[in-house]
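Here come two complexes built around subunit A, the first alongside subunit B, the second alongside subunit C.
Coming up: the complex of A and B.
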């Protein structure tokens, strides 16, 4: 078998068209990796730049200030989801859902869902990264390589000659297809291996990506063999394979997404934002006890400090901010549950589409899927809760903040993957 | 008892409802040239492909050295060199590269000297041998195909319309090569439209019409088969 493969390799390499396709595959793979890396670098740069700006802004704000309410109102913090080492392979939801926020002690829901609308251009076109290349473009290269592997021999009347000469009969075309697929696999994985060596990804992560690449090629090799064995005309075989690509790569994921979105309705970020803002705005017009009573029920430790005698007190202000969050909490929870349910439902759809399956596996490996987005949101919430627990003693005891207190203001630390 | 290298016994091939071959029987003795004549769709190529194991008979037998092809396809193919109609080898490869590829496909190893010698035998100009076949005439490409058959040293040579599209000079050269191979003991089975060419080289000629063997002609000692006789029978079979 090795001898057969070696001969077919030598034979294939003499074909200009094949060499051209392999070069195209190599460059597409390299460009997609580069595009992913540039996007992730941009995101890292943005996070770094914003963090530096916010840190410098914080120093300005804190100058001479001692009032905890004023400080908590003015002091913004950057929460962000740092990309994993593998994120350059699959940018995934990092292009559609927010991965950084400027937050302060005010009601959190409004701050998180201010920018929760997905990027419509990205949703329509997809983003060029290695994941897009593997799931959408690679099948087309396999089709280009194999659609006429047998048909052209029929057309040129060599088919019988080859089958009669080879001890493998017409299975020689399977060997030929395998050799060509291996060449393609090499062209696609070499740029990734170079990128992997230059990054800090683990051997298991690299092997998983290569495994998914081979899986995609094997799937399309099998489909190509199934079709080309049955269709003698190259054009018919090619058209059939393109139709299958259209169904598996575009129609099933799109229709599946529409179906899942129909079956699993979720509230949008806007409704969370509105609910929270209405609750906060209403609080200004309500008696202060309407805010402080439920608040002190939730925080019995502040019950004895719950009376608000002045027209405006920071503790009341932040209490109704938190109560606004609590009003919107059921909708936010419904949104996150819906997002999780949709993600799980799409896992079933992915069983019908190798491309979707690969895209999901890659984004899961790269930590760029919906679940990671939800983990990040949870992380931001934990940080906001940490801030509340830090500021509330100052607000309720109406205690000024000293230099040493200012140094203890919580800083956001990204949660581990 | 020594079996004939190639024989068909009541060979029938059905393709859908279409009876492509209907009780075809013949034998070819070792070193003989047998030509199967017939019009388009007579079943000539089907007969040939049945001996290559690429088409299975619905009944009857296609035998190579007395063994049914279907029972040992690899064994049958190992005995056979096959030259398809128009002998399309790979146009982007040179004569040497084509020969190396097809020999390797059959797991046959030949030295560059042996390959050169076989190309000498078919009189392919040395300066053309390293050029891609896309620059060859049809006759030159046919020579490379015959060279392949020579290099395979198969005892059986199956040819599908071997002179189709060749100029008269190339046909003459081709016929000489066939006779030489036959004299060296190669059994040759060719299917063709060319009545004259068949009578020129074949020891026996069979006429096939709509899948049935309608006549058989045998060359007498030192005498070729009469072209007129075969032509008349051919015309009658086409007319009836």
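Coming up: the complex of A and C.
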């Protein structure tokens, strides 16, 4: 067996076409890893820089301020979701779903849906990363490598000769396909291993990625074998394989997406915005008790401080901001639930599409899928709640903030994956 | 029989396709996909348009039906503007799914557009798109490859090529016949496009822009026809023609777009809204708070007004100075805000410019660029929407500030927090809120779209000529120059 494989390896390596395909695979793998790493590095740098900038900005704002209402109004915080160590492998939806926000104590529903306003043309054209390479390009490389291994021999009328010369009979072509696939696997994984060594990913993460690579190669090796066994004509075999690729990589995900979006409706973001604005703005025209009564019901500890005598008081201002959030929150939660449900429903579609399966596995491992975005949003919401709990005692007791109080203002810390 | 043999070769090629199960099933599959993509996108555009227009009307109505109140309250109440798809979106949705659909407009701030459809869409990988644009850019070339890869190499393999040449068919005429056959089928695949374009015309798109878009797609497919017949003419075997064409297809249709996008993204930095907001906050420091008339930033303005109207105190001015200060502060702030948003737009444009140049290397990318620009689903159109939104914002805010200055007395304005009667008098009637700049109708920037897509059209024409000349050159040599 090993001798046979050794010989097949020698045969393969003598072929110029094969060598060039392996070189192309190597470079595509390397380029996609590089592109992903550059994108993620830029994001890391940006998060770091903005965090420093906003800290120095905060110091400027706090200078000479003691009024808690005023401080909470003008003090912005950065909330962000730093990319995971593995993010360079699968940039996923990070560019599409916002991963940093600038928030203050005002109604959160008016702030948390802001986007980074990224270039939509870049988003539409997609990006090259290892995940794209594995899920979309790698099958094409396997097809290119294997679609004519038998047809070629039929054409040159050597098929029978080769089969009879091997002790494995016509299974020699399986061995041949496996040897060539192994070469491809090596060409594809070597750049990844180099990248992995230069990053901080764990051995388990690295082996999962390599495992997915091998899985994809095996799937397409099997499909190729299935087709090339049956089709004597190289072009027909190639065409059949390309059609299978089209169906598995493009059509099933597209049809699945259309179906899932039809079956799992989500509320329109527009209704969150309109609802929240009405709730917040109505408060200005309503009697103060209309805000403070439900507020003190939610926060019984502030009941005895709930009276608002002046036309404007900070505690009332922040109370109606929070009450506005509470009105819009159910719609926002329904949106998040819809996003999660859609993501979960797509898992079933992914069972029919190895490419989508790999993309989903990788983005889940890399923390670049919609679930991670929702975790980050939850993290930002928790931080906003933490700020409210910090400021409310100052606002309700109408207490000026001392230097040491200022030092205690909560700071955002990214939540662990 | 000058054109006769070309015609017969073409007809025979057609007959061959209809006898081949493979070609026939490819034709049927591609037609179904084209029709499905058109139905899917039209449906999507119509639902999205209806939803967003519905919200837009609701937003205008709620703004205009607000009760009597202080005009500055209306500045903070704000307004929403929704981005609606252009008629040609039924062909190419372009950036629509990735660009925010709604923007909140208020005083003193420029917000980002929010809720791009992709925010809540199901994620199905990067290639999951079923629009006619996608079908024509990616799938129809594959169909043409399936039909045409063997067109000339088959005759060579079967030995019929020599026979044809011996009966006075020149290699050039053989190539022309095959090209005619493949070109005709490319034209037929354009039928769903014509249906989609007619639909767009019925929705208000001018006929000439629709025709121009058709020309772009036709040129692109013709380029493929030339690439395919040239490859087939140059290859000894059909199998190698097939492999070569598939390689070309993968590079042009699968790799070139994400590769170009990654190059642009990493080559030209774009820092985004949050970075820009932090910078804006620093730049705004010291420009004065328009809510606070005592802010020292307005000392000069106040002194000038007092001198101009020859009065001793602000109370004696013939208008409410608080409104003037708001008006003035908004203008100063807006200049700074626009400086930063222009900077951001320039950064995004620089990225897109990289992609546009890379279009010279790939006809598929050139067509993508052409298509989004003519369809009005490009970055430029999105930025026009953002500029239009800013115009609407500045317009209503300043109208309200003017009311603040002209219709409210200074005396009432300063006492409104302590005196309920003054407070009542600072509320102006609800009929004043009918001030929104009309945004309900979609502005159709035909001239801009034509001029923005024209360089890409030239690139397509260049590719088509280049492919045609290459093809004619290799075809002329017949079997003497097979690779």
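As a convention for this text, the second predicted complex is superposed on the first by the 404 of 417 C-alpha atoms of A that agree within 3 Å, B and C clash if a C-alpha of one lies under 4 Å from a C-alpha of the other, contacts with A are read in each partner's own complex, and residues count from 1 in each chain.
The criterion applied here is as follows: a contact is a pair of C-beta atoms (placed from the backbone, for glycine too) under 8 Å apart; a residue touches a chain by one contact, two chains touch by 3 or more.
Since the structure is predicted, the reported quantities are computational estimates derived from the model, not experimental observations.
*Asks:* After the overlay on subunit A, what do you see for subunit B versus subunit C, clash or fit?
*Replies:* fit
*Asks:* With the two complexes superposed on chain A, say which partner A:101 touches: subunit B (first), subunit C (second), both, or neither.
*Replies:* So A:101 only meets subunit C here.
*Asks:* Between subunit B and subunit C, which one contacts more residues of subunit A in the superposed model?
*Replies:* Per-residue touch count on subunit A favours C.
*Asks:* Answer with first, second, both or neither: which of subunit B and subunit C does A:175 touch in the superposed model?
*Replies:* Neither subunit B nor subunit C is touched by A:175.
*Asks:* Using the touch definition from the top, say if A:210 reaches subunit B (first), subunit C (second), both or neither.
*Replies:* Neither partner.
*Asks:* Can A:356 be said to touch subunit B (first), subunit C (second), both, or neither?
*Replies:* second
*Asks:* Taking C-alpha centres, what angle do subunit B and subunit C open up at subunit A, rounded to the nearest 10 degrees?
*Replies:* Value: 90 degrees, nearest 10.
*Asks:* Which partner does A:167 contact after superposing on A: first (subunit B), second (subunit C), both, neither?
*Replies:* So A:167 only meets subunit B here.
*Asks:* Touch test for A:284: subunit B only (first), subunit C only (second), both, or neither?
*Replies:* In the superposed model, A:284 contacts subunit C only, not subunit B.
*Asks:* Could you say whether A:156 touches subunit B, subunit C, both of them, or neither, answering first, second, both or neither?
*Replies:* first
*Asks:* Looking at A:16, would you say it contacts subunit B, subunit C, both, or neither? Reply first, second, both or neither.
*Replies:* first
*Asks:* For the combined overlay, can you note the least CA distance between subunit B and subunit C, rounded to whole Å?
*Replies:* 14
*Asks:* Inside the complex, what are the residues of subunit B that reach subunit A?
*Replies:* Per the stated touch rule, the residues are 49, 52-54, 73-74, 77-78, 80, 82-86, 88-90, 92-93, 97, 101-102, 104-107.
*Asks:* What residues of subunit A sit close enough to touch subunit B in their complex?
*Replies:* 3, 7, 11, 14-16, 156-158, 160-167, 169, 172
*Asks:* Quick check on the complex: what are the subunit A residues that touch subunit C?
*Replies:* Of all residues in subunit A, those touching subunit C are 28, 31, 35, 38-39, 42, 46, 49-50, 53-54, 57, 60, 76, 78, 93, 96-97, 100-102, 110, 113-129, 132, 135-137, 140, 144, 148, 151-152, 155, 233-236, 238-239, 242-243, 246, 249-251, 253-254, 256-258, 260-261, 264, 266, 268-271, 273-274, 277-278, 281, 284-285, 310-312, 335, 338-339, 342-343, 345-346, 349, 355-356, 359, 369-370.
*Asks:* Sort out for me which residues of subunit C touch subunit A in the complex.
*Replies:* It comes out as residues 22, 26, 29, 33, 40, 51-52, 55, 58-59, 62, 67, 69, 73, 76-78, 80, 82, 94-95, 97-102, 104, 111-116, 118-130, 139, 142, 146, 149-150, 238-239, 242-243, 246-247, 250, 254-255, 257-262, 264-266, 269-275, 277-278, 281-282, 285, 344, 348, 351-352, 355, 368, 372, 378-379, 382, 416-418, 423.
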